[in-house]
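Multiple structures follow.
Each of the two complexes below includes chain A, the first together with chain B, the second together with chain C.
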Partner chain A sequence: MVSVINTVDTSHEDMIHDAQMDYYGTRLATCSSDRSVKIFDVRNGGQILIADLRGHEGPVWQVAWAHPMYGNILASCSYDRKVIVWKEENGTWEKTYEYTGHDSSVNSVCWAPHDYGLILACGSSDGAISLLSYTGDGQWEVKKISNAHTIGCNAVSWAPAVVPGSLIDQPSGQKPNYIKRFASGGCDNLVKLWKEEDGQWKEEQKLEAHSDWVRDVAWAPSIGLPTSTIASCSQDGRVFIWTCDDTSGNSWSPKLLHKFNDVVWHVSWSITANILAVSGGDNKVTLWKESVDGLWACISDVNKGQGAVSAITEGQQNEQ
Partner chain B sequence: MQCKRLVILVLHAYARSSHYFLIICLGTSAQQLDASFSTNATLEIFEVDFRDPSLDMKLRGSLPASNRFHKLILGSFANGVSDSSSGVIVGGGDNGVITLYSASQILTSGKETVIGQTEKHTGPVRALDFNPFQSNLLASGANDSEIYIWDLNNFSVPMTPGTKSQPQEDISVVSWNRQVQHILSSAHPSGKAVVWDLRKNEPIIKVSDHSNRMHCSGMAWHPEVATQLVLSSEDDRLPVIQMWDLRFATSPLSQMEGHTRGVLSVSWSQADPELLLSSAKDNRILCWNPCVSEVIYELPTRSQWCFDVQWCPRNPSVFSAASFDGWISIYSVMGGSLEAQQKTQADKISSAFNNPDPFGTGQSLPPLQVPEQVVQTTLIPPLKKPPKWIRRPAGVSFAFGGKLVTFGLPKAPAQPMQQVTPRQVFISQMALQSGNLLDYCQSKIQAAQNQSEENLWNFLKVNLEQDSRTKLLKLLGYGKEELQKKIASCLGNGIPKTDDSAQIAQPVKAPNNFTEEVTAVGAASSSVFFDNLVPQGMSMLEIPVTTDTDGLISQALLVGNFCGAVELCMRAERFADAILLAIVGGEKLLRETQKQYFAKRKTKISLLLSFIVQEKWQDIVCACDLQSWKEALAILLTYSKHNEYTQLCDMLGTRLELEGDGALLNEACLCYISSGNVERLVECWVKTHETSSPLTLGEGDGAESVH
Partner chain C sequence: MARIRAASALVAAGFPSALPFSTSLGLLGKPRSSPWLLPVRAPGHRHQRGGGPEPALAAGLRVKIFLKKSRLGRVSGGCPPFHPRSLDGGGKVTPSEPSLLLQYKESGLSSSSYELSQYMFDSSDQYDPASSQTWSPIQSALHLVGPEIAPQKYPHPHVPVCFGAGGQLVRVCPNSPAEGQPALVEMHSLEVRYFLSCLPLSCREDLHKVDVMTFCQRRVALSEVETQRGRDSALLWKLLLLLCRQNGAMVGSDTAELLMQDCKRRERYHRQETVANLINLTDESWPVPGGGMPDLLTGEIPPCTETPQHSVEKFTKLLFYGRKKEALDRAMRSQLWGHALFLSSKMDLRTYSWVLSGFTSTLALNDPLQTLFQLMSGRIPQAALCCGDERWGDWRPHLDVILSNQIGDAELNHRAIIAMGDTLAGKGLIEAAHFCYLMANVTLGCYRVRTDRVVLLGSSQETDCIQRTEVFEYCQLLGHPKAFIPAFQMYKLLYASRLADYGLPSQALHYCEGIGITLLAQGQSSYPVLLEQVIKVGLGTSSASPPSCWDSTSDSSPSSSPPHPPNTGVRVGCHQHILFIIIYL
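Entry: the complex of A and B
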C-alpha cells in the first residue's frame, strides 16, 4: 500500500526535525539540529543537493515552502529565535529576510494560502505568534499576537482559503470575502483559532481536549464540503479531529482519533484531506482514513522504526 | 517573616481534566523562625493557571496545621470516596508526625481536610517520597535511621525496608528508583547513602565518599538509568554534587563542582536526563548536564539562598525555586516572560494570612521588607542546547501526488563509537484501496432491517468486488457450484416428475421473488419504453426455475452452464433442444453431444448420421454393408478430403475384393479406378478373369479392349 520510492540520505550531522516537499513534489527541504537547511532535487528517484543553507545558530525546527506563484521561497525557524526566509534567485539560494522578534525558540512556521499574499505565521516558545506579511520591495510587515499560548506555542496551521460548502453552494459570481484564519497549539494544552478582523488578529476559539502540550495542529485542506476539519496531536499521546459544520465557525466538536502510547509529534493531511498521517515518538507513522460512517480507522502502519522501512520495502519489491 | 517550604505539582486527575493548573502547596517550615518565635503552622494551596496571561498565583485554600513541616509532597493517590479526583498532600512534621491532607478538600474548603495522621516516627520527618509506580506507597525517613514504607490504603501499619542501618543517624532524603519499583534509597547527613531492595527486605548496597566531608542534602535517581544517582553535599568544604553508578560503587563516577558553598537541593528533570538543577548557599541556581558534569545554565544571581529547587513534574520546562526570604519563583528554561511571576509572590503570601497580627504577639508585623517591585525587564535566557522535549525526533508530511515524506531517528548504531549515523528521509508513494467500503457494506448488510435492504447492500458490495458478475449471479440464487450439484443430483436420481415441481421449487423461490421484485420496480418507471420495445402480441417469456428438468435447464441457461443444460436435455431425451444448445455451447460440447446422441439414438440411419456428422469416413468404409458399396463410395466422394480419399477408396476396394467372395471384384475394380490405384486395379482385374475364366473366354475381345 505504501512503498518507499526514494531514500534521501541527507548527510545531516544531527537529528532531522522536518522534511517538506515543494508544491510540485520535485524538491525536498530538510532541517536539522546541525543548524543547516538543505534542499534536494528528488525528481525521478534521485537526490541532488541544490543548497545547504547556513544562517541559523541553533537547531532548525521547521521549514515551509511558499506557493510557487511567489517564486522559490522557503521559510525556516530555529531554536536561535530567528525566522529566516530563503529565496532562489538565478539558481542560487540566498537569505532574503531574517526576523528576530521572538524572545525564545521559534517552533513552527506556516505560509498562508496564496490567495492572501505572502504571509508567514510563526509560533514561538515565548508564547507569541508573529505574522509576517510581504509588502513588496523587500519589506515585511510584522503583526504579533503576544501571549497567544502561555509558556509556548508549538504549532501553527492556516485555514484553507475556501469558503466551507462552496462546492455545494456555488458562490454567486464575485470572489467571496475570505476571512483569514489559522489554528495554533501550545503548552497550555489548548488549540486556539485566530481570525483577522479589521486588520487585527483576534482569538476566535479555544479548543480544549488535550491533557498535555499540544505538539502539532493541521487544518485540513478544503475540497469545498461544508465541514471544516482540524487535527491536533499532543504529548498526552492523543490525536483529536475537530470538526465544525456551521458556517459561522463557532461550534467545534472533538473526536478522539486514537490514544497512542507515546508522544505524537506531527499530523499531516493528504492534499485531498481524506487521509491523515500521524507520526509519534516511537518512530512510527500511521495513516488514518475516515470511513463512510464517520469513524476513523488506521489504514496503514508505514513503518516500525525507520530501519524497518527499507526492510519492508525491500520485501515488497521482492514480492513484485 | 514566615518562610515557606514548598512543593509543586500539577494534579494529574484534576476535576476538570482539560483544565491544567499548577498547584503549589506551601507549608510553614520547621527550620526557620521569625522574630516572634511563633510555632504556628499553616498549609496553603496556590494555583497558577498557565492560560491566564497575568500568571497570578491565586490562593485556593488554606488551613492551620498542627505542626510545622520539614517536608511536603503531593501525590496522585486517590482514596476512592472523598478524594477520587484530587491528590493527597503529605506533610512531614516536627515531632514524628506524618499528616495526609486531601487536596480537593482544601481547595473546596471542605471539612475533612486531614485524611490521616501518624506519630510512628520518633523524630522530625525530613524525608518523604511517593513511589512513582504505585501511588499508594509512601516512604518516609526520620531520626535514628528510621525508614517506613506506608500503604495509604492501610495507613496504620507501616513496613520497614529492613533492619536499621548502623550507626543510627538521621535520614535526610528518601527516594524511590525511577525504573525499578522495589528499589529505595536513603541518604544521611554523614554522606552515606543506602540502597534498599524491598523484595529482599535488606540494604543491598551502601555508597559513601571516602573524604567523609559529604553532608547529604539531596539525592536523586537518574530518570532513565536505573543504577545511577546523584548526591549533593551541604558541606561548605565540599560543595559538590556526586554522580554514582551502583555498578562501580567504590567511588563516584563524576563530581560536579561549581558551587562555592554547600548545595542545598537538587532536582533531576524527568523529561531530559541532561538537565539537573541545584541550588546552594552561594545564592546560585545552576543547571547541569550531569553526563558531562558541566554547568549549562545559570539563573541570574539572586540575593538569597534558595533552599529548594524543583522541576515541575507536569510541565517539563518549568521549575520553581523557594528562597529564605519567602519568595517562590517560577521559571521556564525556555526563556520568555515567566519571570514576571516573581513580583506578586510576597504580596500573595502575606495576604494569605489576612491578619496583621497572625501570631498573636500583640503587635502587628512590620511591613514586608520586600524590595520595590519593578517589572522585570531582563529575560531569562533559554538553554544553549534545546531540551530533549522540544527536539522533534520524527515526522511525516504529505506531498503532491500521494507522496509521503517520513523521517525519524536512525537506529542506534551497533557500536557506540561509530559516530556517523545516516540521517535519511524517505519518500513513499501511496496506493490505497477502497477496502473499507467493503467492510462498510458488510456492516450495513449485518445491520439491515429487512430483506430488500440487505439485498441492496449485498449488490453494492458485490459491485465493488472483483469478478462481480459471478457473485451477482450467486446473489440472485444462481451459484454455479450449487447448480452443478443440483444438476448432478438430478441426473443421478432421475428426473422428478413435472407435477411435483411446485413443492420442490420452494428453496429457490426467494431469490426468484426478489428478481421479480426488482424487475417490477424497474418496469414501473420505464414501462412505456418496454411497451414500445416488445412487439405487441408476443407471448410472455417464462423462465421457470423449478427443480424439474425444465426448471433446471433454464437455470443452467441463466448462468451459461450449457454443458449442464445439454446433459439435462439429453437425459430427458430432448435431443433437438440438446443439439441446439450444444451448437451455442461451442465445438467441443457439440461433438460431445453428438456422440451421446448417437449412442442413445438407434434408428436405421442413425449410424450413418453419426458417421457423417462425426466425419468417421473410415468407419463407414469398414462398417458398411458391402451391398451398399455405391452409397459408401458416394459418401467418400462427397465428403472426404483429397488426401484421405485415395486411401479410403482403396480400403473400400480391398473390402469388396476380399470379403465379397469374388462376386464383388468388379465393384472393387471400380473403387480402385476411383482412387486411381492402377496397380491394385490390375491385380484385381486379373483376379476377375481368373475366377470367371469361362466367362472371359468368350469375351476375349473385352480383355483386349481393356488393355
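Entry: the complex of A and C
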C-alpha cells in the first residue's frame, strides 16, 4: 500500500517540473516554470520554506542534490540555458556558480557518485553534454561533449560507483579502479553510454530501441551484483529496461517493461533499485518490481489523493 | 536585423513588447549569439497551454518545409508563454483558416506532435489581444539557420516522481497554478503490506528455536497441496523444520521417514511386459517367460501355466542330468527365483549376473527396488536420471530407498543423490532438487558461478527463498556456532535493501547489523566490498544526523581544498543503533 504522509503546498506560481528529496529525506527541493527553486524542510510531516531561490530567467526543468559530504549543495537547470549551483552558507542559500556554456535550454542535471568528486553532468537542447567538476577555491573545470545527441539531449544519469560483480568476487581491500560512466537520452531516439578514458569522454555504447524522443534515462543503483541496469522512457510510450551481465559493459539487451498509451515522462529507481517508478502523460504513476524469473510486474498504482491503493503481490495472495 | 538586435537589449530588460516581429514560428534567428532569444516575458502575457504559440520546433528541416508553404495568419506571441501570473483574459480569437500545422500534426509527419501542437491555433485558447498587436508578422525576415529554438521540455503539467530515503515516494500533482490550482507535492510512504509478515528471522528480537519451528509449520500449512510443486515446497519446509528440531543434524533415516510420510498414494509398480523395454545388463538374451521353446530332452513344449511343484520337479529333473543352464532357464521362466538364484550364486559370476538381471527384469522399471539393486550393484540408479517424469512416478520413494540404505560406497551414494537432484532441477522441480542437494550436503553458492547448484532454497518469490535459506542457516548455526554461508550474506544484504526501500528502515538496519556482525566474525578483511555495502545500506536507513566521519572530510567553505572522495581509512558508523567500527586498508 502507498499512503500519503504529507502534502506540501509549494506556492509555486506555475507548473512544477521537478521535486527531489535530499540524501536524508529531510529537505525537499522543487523547481517550476515560475523560474524559482524552492527548498522546504519536510521533517515530521511539516513544510517549512527554507529558501526561495531566484536567478533563472526561464522555466527551471530539474534540480539535483549533491552528496551531503560536500555540504548542502543543489544544482538547477533551466530553459534560459543556465546551470546554477546553489550552496547553503551559514544558514543562507546563495548562488555559488553559474554556467552559461550552453546555446540552448539545459534540460537535465545529475551529480556524479560522490566517490568521483563533485562533478555535475548537464544535458542540453543544443545537443551537447557538459561536465562541470569542482576543482577547489570556487573553480570549476568544464569538459564538453559536443553533438552528443542530434537535435538535443533530454536526460543524463550517472552509473553507480560500484564495480559490477565486486560483491561476488570480493576483490582485495585496495581502492577499486572506478571507470566513470553515465547514460544520456536524446531527441535522436537513442540512449548513449559515455565512458571516461584518459581524461576524455568517449561514446561507449548506443542503445537503440525507441522510436521517438527519449524523455528520461535512469541508471539503477547497485550493491555490486554483476548485472547493470538502465531504464529509459520515451515519447513513443515505451519503457525499456536495459541489462548488461558482463563486467566489461559491452552487451546490453533491452526488455520492454510496458507500452503505455501516452508519452512517458519520468523513470526513477528506488534507493536500492528494487522498485522502478514510471510516470506518464496520463499523469499516472506506476511502480514496477522484478520477480525471480526476470519478469517485471506492476505492484502499485499511485494516483492523486487516493492514499491506500492495493498492492498486487504474491505474498499477499498467499496469505489470503 | 539591426532592429532586432536593438530590441534585444530591451527584451533582456524585460520588455518583449519591444520586439518588432513575430513569425508563424515565433522567434527565429541565430540562437547561438542572440541574446534576445532569452525567454523573458513581461507581465501582461498569459501562459498559454497547448495551442499557444511557443517556439518549439528544433528540427531545421521541418521548419524549412513549413515556412515555404506557410499560409498561416498571424500567430501571436513570440516568447515562450510560461509566465506564471494569471491575467484578466483577452477575448477569443477565431482562426481565419485551417492551420497547416494542424494538417501536419494529423498527417503524422512529425514525430513529436507536442511540438507541432504548440503552434496550432486553438480557438479555445484565450490570449491577451493587446499582446497580439505587439507582434506583427515579418515573413520576409525569415531564413533558417539550422537547429533553432529549443522545445519546452515539459509543455504541460506532468507528474515528476522520485524516491526518498526511508521508503518515501515524492509525487508532484499535475496542477496548473496558472489556472488557479495549487502547486502541490505529495509525499507517500511505501509499505508493502505483505512484507510485514515476511520479516527476516534475524530481525526479530530474542529469536528462539520454537519460533523458527512455528514459522516453518506455518509455511507448511500455507503451501498448496494440490500441485506437485506445492507438495514439494511443503516438503522442503518440513525438512527445515526437522533440521531445526535436530539442531542441524541430518540423519538419513529421519528424512526418509519424512519422505514416505508424504507418499499417500502408494504406487503399484507394474512389470513391463515388453521385453524390448527391459534393461539388458548382460549380453545374453533372456528366456521369454512362457515362450514356446521346446524341451530338448523330451521334445515337448512346456505349457504356459504350470504348478510351482511341477516346475520344481522339472528343475530337479534337469539337474539330475547336470544340465544346470537349462535348469536355470526353466526356473526363471517358471518364476522359481529362489531356486535359480541359489543355484547360480554357486556357479560362475556371469551366470549369477544373468539370473539377477532376469529377476530384476520382472520388476517395473520405476520400482524403487530396482533403484536399490542398481545402487547396491555399484551403479548410478536409472531413477536418478529419469525421475521427475510423470510416467516415472513419484521421485520420493527412490530417494528414500537410497537414503535409508547407505551402505558400501559413500561416494557413489553421494553422486547418485546429486544426479537425482540435477535431473529434477532439469525438469523444473526446483524444490525437489534442492531437497536432494541438501541431503547430499551441497554448499550454497551464488548465481554467477555456473557450477553452483543451489543459491537460495526454493524457487518461488525471492523473499520466500531468502527466508528458507535463512532458516537453513539458523539450523546450521544451531549445530555449529561458526557455520557460515558466504554467498548467502549477499542475498541477505539484498533483502535488507528491499526492507529499506519498502519503508521498513529500522528492520533493515537491524538486519544489516546482523549481517555485519556475522561478517566481522569471519575476519575483518575477508569481505571488504560486502562489508562496505552493508554499511552503506545500513547508514542509508538512518534517520539521524549525518555521521561525523563526513564532516571531517568535507569542508563547507568554497575556498578550501577540493573535496576528494573519502580515502579508505577509518570509517565510523555512529548511528544510534550501529556501533561497530570497521578498519581496513
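Simple rule for what comes next: the second predicted complex is superposed on the first by the 303 of 320 C-alpha atoms of A that agree within 3 Å, B and C clash if a C-alpha of one lies under 4 Å from a C-alpha of the other, contacts with A are read in each partner's own complex, and residues count from 1 in each chain.
Here, contacts are C-beta pairs under 8 Å (C-beta built on N, C-alpha and C of every residue); 3 or more make two chains touch, one makes a residue touch a chain.
Since the structure is predicted, the reported quantities are computational estimates derived from the model, not experimental observations.
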Fit or clash for chain B plus chain C once both are placed on chain A?
-> clash
Between chain B (first) and chain C (second), which does A:126 come into contact with in this model arrangement: first, second, both, or neither?
-> both
Of the partners chain B and chain C, which touch A:71 in the superposed model: first, second, both, neither?
-> second
After superposition on the shared chain, which partner residues are touched by A:208: those of chain B (first), chain C (second), both, or neither?
-> first
Quick one: classify A:42 as touching chain B (first), chain C (second), both or neither.
-> both
Please indicate which partner A:87 is in contact with in the superposed arrangement: first for chain B, second for chain C, both, or neither.
-> second
May I ask you to decide whether A:3 touches chain B, chain C, both, or neither, giving the answer as first, second, both or neither?
-> both
In this superposition, the partner of chain A with more touched residues, chain B or chain C, is C
Chain B region in steric overlap with chain C, selected from 422-430, 476-484, 602-610 or 620-628 = 422-430
Shared chain A surface residues [contacts with chain B and with chain C] = 1-21, 23-25, 28, 30, 32-33, 42, 58-59, 61, 79, 103-105, 107, 125-127, 151-152, 187, 211-213, 235, 265-266, 268-271, 275, 277, 279, 281, 283, 285, 287, 291-292, 299-300, 302, 305
Footprint of chain B on chain A - complex, ascending = 1-21, 23-25, 28, 30, 32-33, 42, 58-59, 61, 79, 81, 103-105, 107, 125-127, 146-147, 150-152, 187-190, 208-213, 215, 235, 265-266, 268-271, 275, 277-281, 283, 285, 287, 289, 291-293, 297, 299-300, 302-303, 305-307, 309-310
Given the complex with chain A, which residues does chain B contribute to the contact?
-> 17-20, 50-53, 55, 314-315, 317-318, 332, 334-338, 379, 382, 386, 389-411, 422-433, 435-437, 439-440, 443
Residue ranges of chain A touching chain C (in the complex, touch as defined) | 1-21, 23-25, 28, 30, 32-35, 42, 57-59, 61, 68-71, 79-80, 87, 89, 96, 103-105, 107, 114-118, 125-127, 134-138, 151-152, 154, 162, 165-176, 187, 211-213, 223-226, 235, 263, 265-266, 268-275, 277, 279, 281, 283-285, 287, 291-292, 299-300, 302, 304-305, 311, 313-316, 318-319
Interface with chain A, chain C side, in the complex: residues 31-32, 38-40, 47, 58-59, 80, 82-85, 111-112, 114, 147, 149-154, 156-166, 168-178, 182-195, 197-198, 222, 446, 448-449, 459-465, 487, 490, 493-494, 497-498, 500-502, 525-530, 533, 536-537, 540, 542-543, 546, 550, 553-568, 584-585
